[in-house]
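Take a look at the structures below.
Across the two complexes that follow, chain A remains constant while its partner is chain B and subsequently chain C.
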Partner chain A sequence: MSSSSFIDIQNLSVGYTSRSQKIIKVLRDVSLTINRGESVGLVGESGSGKSTLALAAMGYFKRGLRALNGSVHFNNINMLGLDHDELQKIRGGNLALIPQNSGQSLTPTMRIGRQIAEALRLHSDLSQTAFDDRIIEILSQVRLPNPAALINRYPHELSGGQQQRVAIAMALAGQPDALLLDEPTTGLDVTTQAHILELLRDLARDRNMAMLYVSHDLGAISRVCDNVVVMYAGEVVLTGSSRQTLLAPKHPYAHGLLTSIPRLKQKELPVALDGRPPMPGEAITGCAFADRCALADDQCRTTSPPLTRLESAESIRCFHHDKIDQLATSSQKVKQRKAARKDTGETTLGLEDLAITYAKSGFLTQFLSNSPPPPATVDNININIEKGETLGLVGESGSGKSTILKTIAGLISPKNGGIILNQDTKLTAKVEDRPSMNLRQIQMIFQNPDDSLNPRHTVAQILAQPLRLYFQLSGKDLHDRSVKLLEQVRLGEHYLSRLPSQLSGGEKQRVAIARAFAAEPEIVLCDEVTSALDVSVQAAVLDLLNVLKKERGTTYIFVSHDLAVVKAISDRVAVLYQGRLCEIGPSDAVYQAPFHPYTDVLLGAVLEPDPDTAPTLSADDVVELSPPAKGCPFQRRCPKKLGEICENQTPPAQTSIQASNQGHVIHCHIPLKELH
Partner chain B sequence: MAQAITHQFEKNRALTVLKDLVSRPSGAIGLSLVMFHLVLAIISPYIAPYDYKLQNSYLMLSAPDAVHWLGADHLGRDVFSRTLMGGREALLVTGIATPLAVIWGGFIGILFGLVGGRLDEVLMRVVDAFLSLPWILKMLVIIVTFGSGTAVLIPTLAFFYGVPVIRIARAATHDVIARDFVWSAKARGHSRISIIWRELLPNVLDALMVEGAMRWSWMLLAFSSLSFLGFGVSPPTPDWGLMISDARGFMSFAPWGVIGPVIALSSLIIGINLTADALAKALGIDRAQKAPV
Partner chain C sequence: MIVMLMRRILLGFITVCLVSIIIFSGIEMLPGDACTQYLGEYQADKELLEQCRKDLDLNRPAHERFREWAGGAMTGDLGMAVDGKTKISTIVGDRVKNSLLLAFCAMLVGIPLALILGIITGLWRDRMPDLVISTLAIFAMTIPEFVSATLLILVFSIWLGWLPGIVLTSASAPISEFFPEILLPVIVLSLVMCAHIMRMVRSSVIDVMSSDYVQMATLKGVPYWQMVFRHALPNALLPAINVVALTIAWLLGGVVVIEVVFNYPGLGRLMIDAISDRDLPVVQSIALIVASIYVCVNLAADLLTMLANPKLRTVYTRK
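Let's look at the complex of A and B:
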């Protein structure tokens, strides 16, 4: 068979046989074509089959899965008819995959140069000297600085973004004609992500590669992809150009996905897409999206809609795509208002001159090496958090956000300074020394619920822990209270006997939230609580946090690297770089000029799901390992750096004079009126 | 109420894991093999057709026939009867020594993992150095010094096979205590004991159970090797390792003396390995699943 497309998948179904001998389909009749020089974005919630499809494009199926029907051709080779060795030749050669977290999966004990050499050796037969040159050439292609020095480093000596670049370099070693990327920038900082995406864009263009880009991040997709394929419950529900699908999505699901993304321009919380997609194998009558669709009618619930091609060259699986405009207006009405804050003026938590350091070099080593101690990881943090307020903390990885939260929770002892609770209680540093009462008042929610819920405990056991510890509940009281807590996070009683592995990502995070609120805390520390979740689930979790705050007047400290999320939920935002405060103020003020140069860089790198906006990359994405000993923390990367003054003198705290921007402080040597 | 839920859940889990285990082909086959051997070890004295000690010089090295299904050995003893009973000693010794090894190795490993820091690293170096010596050498030193009775073999095997368990338990402990649910419990202010008991142990025990099954099969091999070398059970007690050793000299003209014990020993070891494999998957701690490419 000869087909015109470079990657050509037709009517592919992938599934497995369950224990009860039923065939469960993970992908259902999926078709996808990619030409040379074309990049296609594949989006959908977790579990929608994105990764399965990307792997199938290279003839690979995860253990247990197999192709049930359909065809997969790459460069006119039937990928389903090849044996293991033949596939292995193509994979990593003409067709390369960059899996999720591939930067972290580099072999830790092998130098960078050798890892790339191994990848090269598989797919080429160069002489030794040509070989070395080629390694350096590949490394410079992915714009890594000083490749000749880099080849002798170990992976842990590189930053996350650099590791990811090395992984991309390894994939490029075989001179591929097609790249499959599975969430290649998830988990990276905004600035790093923006740089990697630019790199991928240029690579694809220069080499005329076919690219399949799997991501739940529509901002990233809009930056690198010409066309978009939206998947739902193992089916393709919408395909079209990036502009069509991202600016005016005609499918209700795609519409919902887009409205659930927090945007910088928007003041309210995003609208959550309620419900969850059907699991593979769940009986579906009619449209798979019907349960969550505001346009669903009887026809939708009984007949499954076909994928139809529109005149605009989009394909869509929906009966009512012409009514999509109704959806746009009707959902605007239910927009969540951010909980209004009662201005009590009462400080709940005061951070006074907080300094935290991890480096604990012994007296002797310090004496012998005669070098000054390294600068503290976090230094000079003075923030008063008012009762009922949500304070957002933003900054790149390594900026000390989690460190500050852990210190407030008592898990790390500060080097200097104090934490004052309710204006009078000075919290002793360590958890062990704090009275139970104070421990109860401060609760923490972690980034990844897979990690923060014990996999061996049921939801009942998880909720029982704080209830027993703080309130000595047992028996019926314990049960009733647990049920009530679940209700508050919109989960039913039957969840009590579930294990975390039997919950979806969003449900897990709800349980983690319920556990925190079980303590009836005054302050809840949220560490990247939505970054492990799908956008639609993220919107629902943000909404839940907002409602709980409205009901109880809880104070939040909300840490995130996602500036739009922080903007959506926070009253006040603090921007951190290398553990030092750059800017703090009411969230509207921080997201408006005047900007601290670092805030400016961060905001410039934010990717909006809009093909018409491009990020502005003004600073390098180098990761610094320790803060400078003196001067401005941002001096090494600052695009607006004035000169020596930034290196030698601590920047002054400049307070905004505008009445509406009360409490807006920028730490920079540049006068406020020039910071636009 | 919650107590009841907890309890019921634990029972359910054991049941769920068992169901999952036998629903996998490897688990079903493996567990049947192991059960078969265990049952046989218990009832073999009653069903063995001949006395295992009975020597008959007329039958010396005679070929299998309708009366002596697996023929006779060099002393004219019935090989079939001896094969039936040849696993008893091995199963008894390793059946006691394996749990002992897992318990002491697990305890020390968890302790190292909890202590952490410099001390833990130094101690692990010692463990590594110890592990790098060939096991047979270490064992023979003990056996030559103290003799080779069951009373020596059980503690010796338990000791040597507990050392690698330390590594596993320590690694599992390190993994678990770095996870956020442990931090979360710490931040709430739970006591150290409660954190170890509730958060750590359930997760580490899973890994130890699988490790225990693996150790068991290694230990059986070691026991048989010792018997083969003449340091295990003493004649005339039937034992597969010893039988193989005895019959090996006559392999070229009387191979039946070896076939029985070899099949018996290997089927038991394969059975244990299959079970361990399926158990790891049923518990969800299967590490064999690798990323593609």
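Let's look at the complex of A and C:
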């Protein structure tokens, strides 16, 4: 078959044979075409088959998977009919992959230079002497500082953003005409993500490369892609221009995905998509999305809708694409406002002069090294958190936000300062020395429920632990209480007997939340609790935390690197850099001018799912390993740096004069009125 | 890195010291002493007993004698056997040499074989070569050594008559005289250790082969065997170092059963003999030697892991 498209996938089904000898399809009759120089975004929740499709474009299937029918052509070559040698020539050469997690995709025992040299050797006929120059040239193309020194580094010595750039460099080594990108910025800081996306945009434009960009992040897609393909349960449900799709999606699923994204300019919480997508192999009659769709009727549940091409050049798999407006106007769900906080003025938790350091002060270490100890990781944190308040902590990785949470939880001992509970109790540093009462009052929810739930314990056992420990419940009382907790997190009684491996990511996080609330805590510490979740699930978890707060008046400390998520849930926001406070205040005030220069940089880098906004990159995405010994913590990256004063003097705390912004403090040498 | 190294050596030294204290006090606590043992039925004679204790210096307080023993041990002088005539270092020296010989031969056969088989079974996971080799490995692991030893003697020395079934060479004989008697014990030992290491290598290879970086290498267009040797194996073999070290320590520490079955004059058999003779000074010395071997081999393994793993290596050099 000959076609004009560069990447041409037609009616591809991919599946595996289950233990019961049934063929389970992961992709169902998927077609996708990409022209030379075109960039296409591939969107969907985890499990929708988007990564499988991207890898299939290279003729690669993960262990166990295979193509059942359909065709894959790249540059008019049938990728499914090639032998290993021929595939090797194309992979990494003309068609290159940039993987999701570069930290794990770079071979840990090989130096960076050797890994890129390997790609060069395979896909170019450069002479040995030209290699080093070419490697340095590629590394500078991906805007890595000091490439000559980088060649001799190992992957683990680089930051996440640098690793991602090395992966891009490795892909560029083969001078590809097409790039497949598998969630290339997921897990990176906002500023790093914005920089990488700009780099990819520029590279694609300069070299006229075709790109298939797989992501669950519509913000990233809107920045990089001309067109977008939305997948659901192994099927394509929408293809169209990314502009049209982001402004007015014509498929209910795409609509739901968009409304579940928290946005900076939105006052309300994002609206969650209820339910979960069907598992591969689950019997689907009719439209796969019908169970979660507000427009679904009998026709949807019995007949599978075809992918129809509209006049607007979009293709939609929905019977009711013309009624999409009803979703927006008469939305079945009222947008949730942030739970109002009762202003009690009562301090629940006080952080006084908190300083934390990871530097070991062992006898032998001190004896053998005579360098002065590095500055504390976290220093000079003074925050009073009021009862029923949600305090958001934001900052890039390395800003010390998780460190502060762990110190409050008693997992790390502070070097200096204290944590005061309810104005009168000074908490003991170590969690094992704290009285049971204090333990109950402070609970923590972790980022990744896969790691925080014991995989061998059933949900019942997980919930029973705090109930037994703090309330001595047993027998029927224990059971009833557990069921009630599950109901509060909107899970049914039948979940009690399940193991974490039998739950989806969102369900696991709900169990983790239920476990925290089992202790009837006064303060709940949330450490990036939604970062590992899909956007739709994230919205549901945020909503749940909000409801629980409304019902119980719980105080949250909410750590996240996502500024929009923090805005959606927090009453007050603290911006941290290198373990020092830059700005703190009511969330509306922090997200409005005047800004601390660092807050400005962070907000500028946020990618909104809006084709008409572009991020502004005012500072480099350098990762600093330790804070400066004196002066402002942000001095080395600050785009508005004044001069020596920033290096030598601790910036003053400037208080906002506006009455509505009470308690808004910015630590900066620049006068407030110039910080706009 | 140097700080790390010094810390490990210091820790190893402390471990050996602690072990020597435990051994010494353990033996002190046993009822009777070297003299009651040496004199046997004559110990009823109080005068003789007193004389003997005086000769062997047993009347001084325990801590003084410990200091002397430990001090001697550090310079290689382990004192006298209970008969008061032979130096322990002479008896033990020969045996250490023989144990080393046995261990070295077993390692020479077993480790390369284990690595190769582990890699084969890992790469061909769940297919014919893996199923056959893994099943055999389970047999090699589960059949007790004395059974497999006996079976091999039956087959190779009694039925086929190819190899001598028992070692008759004396402990102090030169190395060359142990061949070919040493071959059967070497085969049995390599079988057992090979099975353990192989299973470890297999699971490590499987892990690494499903890692993101191996997938990435494939999608970069790296040919299969280049991917295996350059990307997969250096990472897969790292965890094997520690298992290999443990096996080596086990081999050096005297493989009692095998030495007894084949009548091999190594440390293990000397230990058994010393225990049944109640030759406490010898038992004490062997225990100390075995402990030191364990500490040294583990230290060497940790060092090797650190050198081979760039993650560990650079952590300690960056600061």
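The definition used in the following text is that the second predicted complex is superposed on the first by the 660 of 676 C-alpha atoms of A that agree within 3 Å, B and C clash if a C-alpha of one lies under 4 Å from a C-alpha of the other, contacts with A are read in each partner's own complex, and residues count from 1 in each chain.
The definition used in the following text is that a residue touches a chain if its C-beta (ideal position, glycine included) is under 8 Å from a C-beta of that chain, and two chains touch if they have at least 3 such contacts.
None of these values were measured; they are calculated from a predicted model.
Engineer: Overlaying the two complexes on chain A, which is it for chain B and chain C: clash or fit?
Structural biologist: clash
Engineer: Counting only touches as set out at the top, which of chain B and chain C does A:L453 meet: first, second, both, neither?
Structural biologist: first
Engineer: Of the partners chain B and chain C, which touch A:L97 in the superposed model: first, second, both, neither?
Structural biologist: It touches chain B and chain C both.
Engineer: So, does A:I383 touch the first partner chain B, the second partner chain C, both, or neither?
Structural biologist: Once the two structures are laid over each other on A, A:I383 reaches no partner at all.
Engineer: Which partner does A:A119 contact after superposing on A: first (chain B), second (chain C), both, neither?
Structural biologist: second
Engineer: Pick one for A:Q465: touches chain B only (first), chain C only (second), both, or neither.
Structural biologist: first
Engineer: Which holds for A:Y60: it touches chain B only (first), chain C only (second), both, or neither?
Structural biologist: Once the two structures are laid over each other on A, A:Y60 reaches both partners.
Engineer: Could you look at A:I557 and tell me whether it touches chain B, chain C, both or neither (first, second, both, neither)?
Structural biologist: Neither partner.
Engineer: One more residue to check, A:H84. First (chain B), second (chain C), both or neither?
Structural biologist: So A:H84 only meets chain C here.
Engineer: Going by the contact rule set out at the top, does A:M170 touch chain B (first), chain C (second), both, or neither?
Structural biologist: Once the two structures are laid over each other on A, A:M170 reaches chain C alone.
Engineer: Tell me which region of chain B runs into chain C after superposition, given the options 91-99, 109-117, 181-189 or 199-207.
Structural biologist: The superposed arrangement places chain B into chain C at 91-99.
Engineer: Under the contact rule defined above, give the chain A residues that sit at the interface with chain B and also at the interface with chain C.
Structural biologist: Touching chain B and chain C on chain A: residues 55, 60, 62-63, 91-92, 97, 99, 105.
Engineer: In their shared complex, at which residues does chain A touch chain B?
Structural biologist: It is residues 19, 55, 60, 62-63, 91-92, 97, 99, 105, 406, 409-411, 431-432, 434, 436, 439, 442-444, 446-448, 451-458, 460-461, 464-466, 469, 474-476, 478-479, 482, 496-497, 501, 515, 519 of chain A that touch chain B.
Engineer: Considering the complex alone, what residue numbers of chain A touch chain C?
Structural biologist: Residue list for chain A touching chain C: 55, 58, 60, 62-63, 84-85, 87-93, 96-97, 99-101, 104-111, 118-119, 122-123, 154, 156-157, 167, 170, 174, 364-365, 368-369.
Engineer: Can you tell me which positions in chain B touch chain A when the two form their complex?
Structural biologist: 1-3, 5-6, 9, 23, 179-181, 183-190, 198-199, 202-203, 206, 284, 289, 291-293
Engineer: Can you name the residues of chain C that touch chain A in the complex?
Structural biologist: The contact residues of chain C facing chain A are 2-3, 6-7, 210-213, 215-224, 230-231, 234-235, 238, 309-311, 314, 318-319.
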